[in-house]
């Protein structure tokens, strides 16, 4: 029972003579005009077939717009396709009247609408016309991912022109429905995954770059390396978020052996699963969070398959550490000394120097994560906010752990492990959510109490 | 890459100790109390795992409610989980203020919010809290179909208590997003379809009852019989709407040979595809129309596979004909005579009598379909409204064509063909939509002009 | 990546103008003539396309033969398509000569073929021409199952005319290669299985008849009922052998609760898996045994999925028991008395009578299974031979356990459990294979030592 | 209904404690001893579970043997696991006796075996014991591909020691059954194919090397580039043979634009399908030919999908051309001159020189293909033998067409098109098979009649 939507639309377009054009050349007319014209057709009542064709036409034209034309289109959506102001005012007034009538406790006159019914009309009247347009664009196969990409453009455009920002509410509203957690599908990614998906994994990896197909294979093919992703039925082969996992014996303290050492373990002998890379794939789904759930579901999957796994931890970067240390060094001579020696780089060759730095660096990493706070009292480090917010605990601190350029530049080479303990995850989540309590292992807390010496 | 959501939730529930209960017995506590308590947890911010568990708990409890308890739950949704009235009023006032500020053409003071931004806040404020609850219930696998069923209950409850009707706006709003046409998947149903789906086809067939598996096989297995259904990724194996098709040589004028005669044609020799049964499966998706699109997509599919097919018609019941004839007979002696002879039933045995009735019955059927109108000017017959609204044309009229009990009782034994001509479907759709124009073949129109004689 | 063989052959036949015939009517010419002519083409060297077409033609003609024509075809295979006698004699003589030359220990003369090379030629020369024909018939999709059915006809024909029996060696030789265990695929059969397969399960069930789809559903759909089958890639959706399993709490002693009681257990609470029906589906695969392996593989599957399962037993009929008891009764007055009371049937209503018969019937069942032997020393009961030969142990004996007509008629209503204990299965298999040792539980052996009393 | 064989065997081995060894280290004992011991167990009757384990053990040990040990194993198969000589002699004598008895026309004495029955026994007696061993090795999942690889080793070993060659008859006999055409499955290979298969395509491409994944993508992803492969159910993801296809406008005369120019055509506008690379993947399946059939099936597939395709041609190398030209040059001064100018290479830069060489080179290529014959009268060129033997026609000759190193070295830069015309394929196949007739287009024949001038 294969799905047969896509060919159908091709045929439909053919039947409607809408794509009788050179295979890959410019269609007739300027794309911004064509987009406008197609959207106008989409907003009118019309036969379904011609509306699907109009949606396809509009999205095709959209591809051809330059950023300025896209911004202009967003502007029109915002200015011209808002709510029907009169209808909205009328519905609001009717609702207030119905509320007032009920408050007077007069028995509802038969002709008086109930506040609930009036509110239902208000709820409908408040929907801006652009909501209908966005839903209509989704009629066309491929519409969902096109709209996700369109929102990515909107977020960029709104940076340049903040007055466009209110339009994001429309996308966010729609995506909250469409990408409801209940619709997501978890799939394992491995060496039997289609190449068309794998090349997206390569492109979307945001933490530890995948250099080429050999590098990819090292992360996917060995029995002790795993990868899982969330997909959505309407966006097909587009991963939304994925996590890479290493099965190991004990908790690793550096990234290089994880990236290169696949294949050494029999998965049934491993006691630890390490989540060493989590990447969101769709900028257009900003704010629609999946990552937290992905980790927990993968913990469940792996627990069931491999009961020998006892520990589920991340091996995570500390991306805000370098900036924090720089700020700290302005007032703190010891931190300034540490920064200078780090930058001097003798520790890369000189083992004695490195050994001298280890306790100082690990102490400072712990300090940053436990004490470095934003104004709202949350940790300054975005990765820490994510995992602590999920209910994880800061378990270990490592230095030197990531000697890649970006690892040094943003995190001074430090990495940490966040521990996911399913039995305590809810309690930790709530403590963090309510009180901002940062769960940390005793060893990490002890680091803080240790004395730093410039030595 | 199998999807692994369902087991996951089982395991999650186990891990959370939420389903440590007898396998199929009563859970702890009265179900209405449990539902309320689970919904309360769903409305609070909380860890995702516990929210999924709460959704599962709520839906499980819902299953155990009796109709009165369900109505009470709907009442609470309507009364207690409406909008935050103060926030709504505040947002509305701010929007009016922003509109006014712009109207005064005063340069926007830096602190003045733009009308667009104010409207975005209003758009969010108007969302009643129950929208969030419904979306949260969908966190749990199986949530979507459970909510569709819940709306079915609501529609029933609102019949008894119309004050519940405004709540339907919330379901309709959500379903319009979730069941957006772009998410539907067309699948062919045949004898290789899983039994779990086939038994649903048997249960949902609403036009010509499927008596047993042999009857089902007669409709699905022969090469000249086809069936297509729309599915939605989030409702899995639940068909939303399906159509049964016979490939024939010429347009058939009676249903019995279609139901029983499968297997006689080589599909490559057929010139006609007959849509002889279309069934909506989910009462809870009322108003979310799929059927129109299904027919058009199936026309496309079949055209591509079998270029020999030249004609696409329905063989449709005329369900309102008997009631119309009864009303007409009150003032029209010829119609009264016709009704009486029909009821007498001699025509069933007596060929001369039958022959005498044929022109009169076909004339009356045409009259009913062309002239029988509702107050809004649309045809009285619901099946006619559906197909004419899709852009089809009334092509032929047949009597006697359906001698089943329901065929006689509702349609006096008449059936008709509606023709789907892809080249004219859009034009006919528009003419019907705008002017209520009923497209009919010349032969059908001629019937009307013929003179009826009591014989 | 769908397989696309079948359409291909359709097209090929079309291209070759070989099936330009009425859709389902008689082809040109008498089918026995057509078969002969197609086989003649298959035996000649020729282009592949025309050979495939000839294979399809031959198998189509075969379908139309009556039994006498089929027997005549077998006769021709045997008489006319044997080995090339001259070539065989020449190759044999050359082999003997090469053996003799080596024996004389004369250094191999350069022109003298080695015995190994000579044997290789003999090995090829001994292949009768019909082997090539049978392989060529398999060129056509659907050929494999058609040949399996052809052998079924051969086995029937050879009963009537034993001189055809030697032909079976050719089929057996081919099938031993084709149905090599390594090619079989185990699949679970459940309510999501296509109807086209399920109706075969209904048709092939040989032990406890499946009355209708409701009955089938009772066996497949509940979570505590399972079914597994072996398939072969070349025979597609044709099951070769299948086993039905009930997950229970304790070992059941009667069949009716097993057939009807599905759904009562949570599979995770069951401690026992009961194999209550094993059916071979293809008479044409006689002697190519799968059943033994199926049980062991299913034991493994279930063990992995449900570690709570501790006991794997059958609930098996005792089909030769009635005949044995009848023979025994000729010399044994107690047995004759037992038979008479069984036949009288008072035990069906009268509990006291039934209680009186239970120990006697169970004792006799045990006696039959432990002492009733064929001339080769193996148990007389075919089901016992199968399970004991697999390494199972006779664990329990039950009466009355199967009150169906066939259960009474063939097994006097008795049933037994054979226990599969993976740790001891190999040892028991070997003891049975070497010494004919019947593994039986102490309780069963004790039954034998008990004294039978006539009342 | 997933297949679950592989895990099963893992579990079985675990249960039998046969793989309680380090994950990827040496197993206990020297591998040649272990192989011998496992084969001994496989030859004995035994329980199935232990035989599967023995097969797995044997194949695992085989992997660890060095070439000398493998040759020694082949030697043992040949010397020690031949037929039972006494049984063979007895069966042969009985067959001759039965033949003689029938010849004497004496009515068959009741005790006299029929010649057919005697032959059946002879047919079984002639089977060497190693046949059973090879079949038994196939019990283990992965056995089939392991045996294909084993034969590859045998073919290599038999080159060094021709006395091993007779053993190949046993593999060839088995593979002719197992890889019967009817079991093969055609699959399309594209960018949605699993990476695990794609990397095999890269490895097995034998005609035009695939440099990296980008190169692969250029051949698979564009809509006007296709690839098809045959697979066998028992060897899973191992392609047996594959063909790469370009859809073009007109017949191309050079390879570089084909390799690099994907994506320029709308497939529905193409009139030609070019088979530009055909690779056999499994050396161990030598003599089991698939390629001929693959091309014809792909022609059918593409014809059905794209009725606009009118011409099906190859773009093929001429690998024996350079050697033939060298030989010819010894006696033919014009050929010697041509060779020298070719080697000088001025034509690479100098267009006049190139233009001067074109007619001479194309004439010589045609001469080589039409007149260069082996002793058996077949064309000397192996690619020509393959396509002409399939029923294709030599349609065009091109120079310069392949400037890759191997294209120059083996084919002097020439390439040719063989045309597959389904209407004439059988006739051409037969003419070539019977009379060695080389089908060539008039234009190619005319080339031969042209006069070569040294310029």
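As written, the chains take the letters A, B, C and D, and residue 1 is the first residue of each chain.
Rule of thumb we're sticking to: a contact is a pair of C-beta atoms (placed from the backbone, for glycine too) under 8 Å apart; a residue touches a chain by one contact, two chains touch by 3 or more.
Only a predicted model underlies this, so the values are computations on that prediction, with no experimental measurement involved.
Visitor: For the interfaces A-B and B-C, which has the higher count of C-beta pairs in contact?
Guide: Answer by contact count: A-B.
Visitor: When the centre of a chain is set as the mean of its C-alpha atoms, what distance in Å lies between chain A and chain C?
Guide: 56
Visitor: So the centre of each chain is just the mean of its C-alpha atoms; given that, what is the distance between chain B and chain C in Å?
Guide: Centre-to-centre distance between chain B and chain C: 49 Å.
Visitor: Just give me the whole-number Å value for how far the CA centre of chain A lies from that of chain B.
Guide: Centres of chain A and chain B (C-alpha means) sit 36 Å apart.
Visitor: Quick check on chain B: which residues sit in contact with 2+ other chains?
Guide: 2, 193
Visitor: What chain-chain pairs meet the touch criterion?
Guide: Taking the chains two at a time, the touching pairs are A-B, A-D, B-C, C-D.
Visitor: Applying the document's contact rule, which stretches of chain B touch chain C when the two form their complex?
Guide: Spelled out, the residues of chain B in touch with chain C are 23, 191-196, 198-199, 212-213, 217, 220-221, 237, 265-266, 269.
Visitor: What residues on chain D touch chain C, complex-wise?
Guide: Residues in contact with chain C: 1-5, 7-8, 11-12, 15, 45-50, 52, 78-79, 82-83, 85, 92, 99, 114, 116-117, 119-120, 122-124, 126-128, 135, 138-141, 143-144, 163, 165-170, 173-174, 176-178, 180-189, 193, 233-234, 292-293, 296-297, 300-301, 303-304, 391, 422, 425-426, 429-430, 433.
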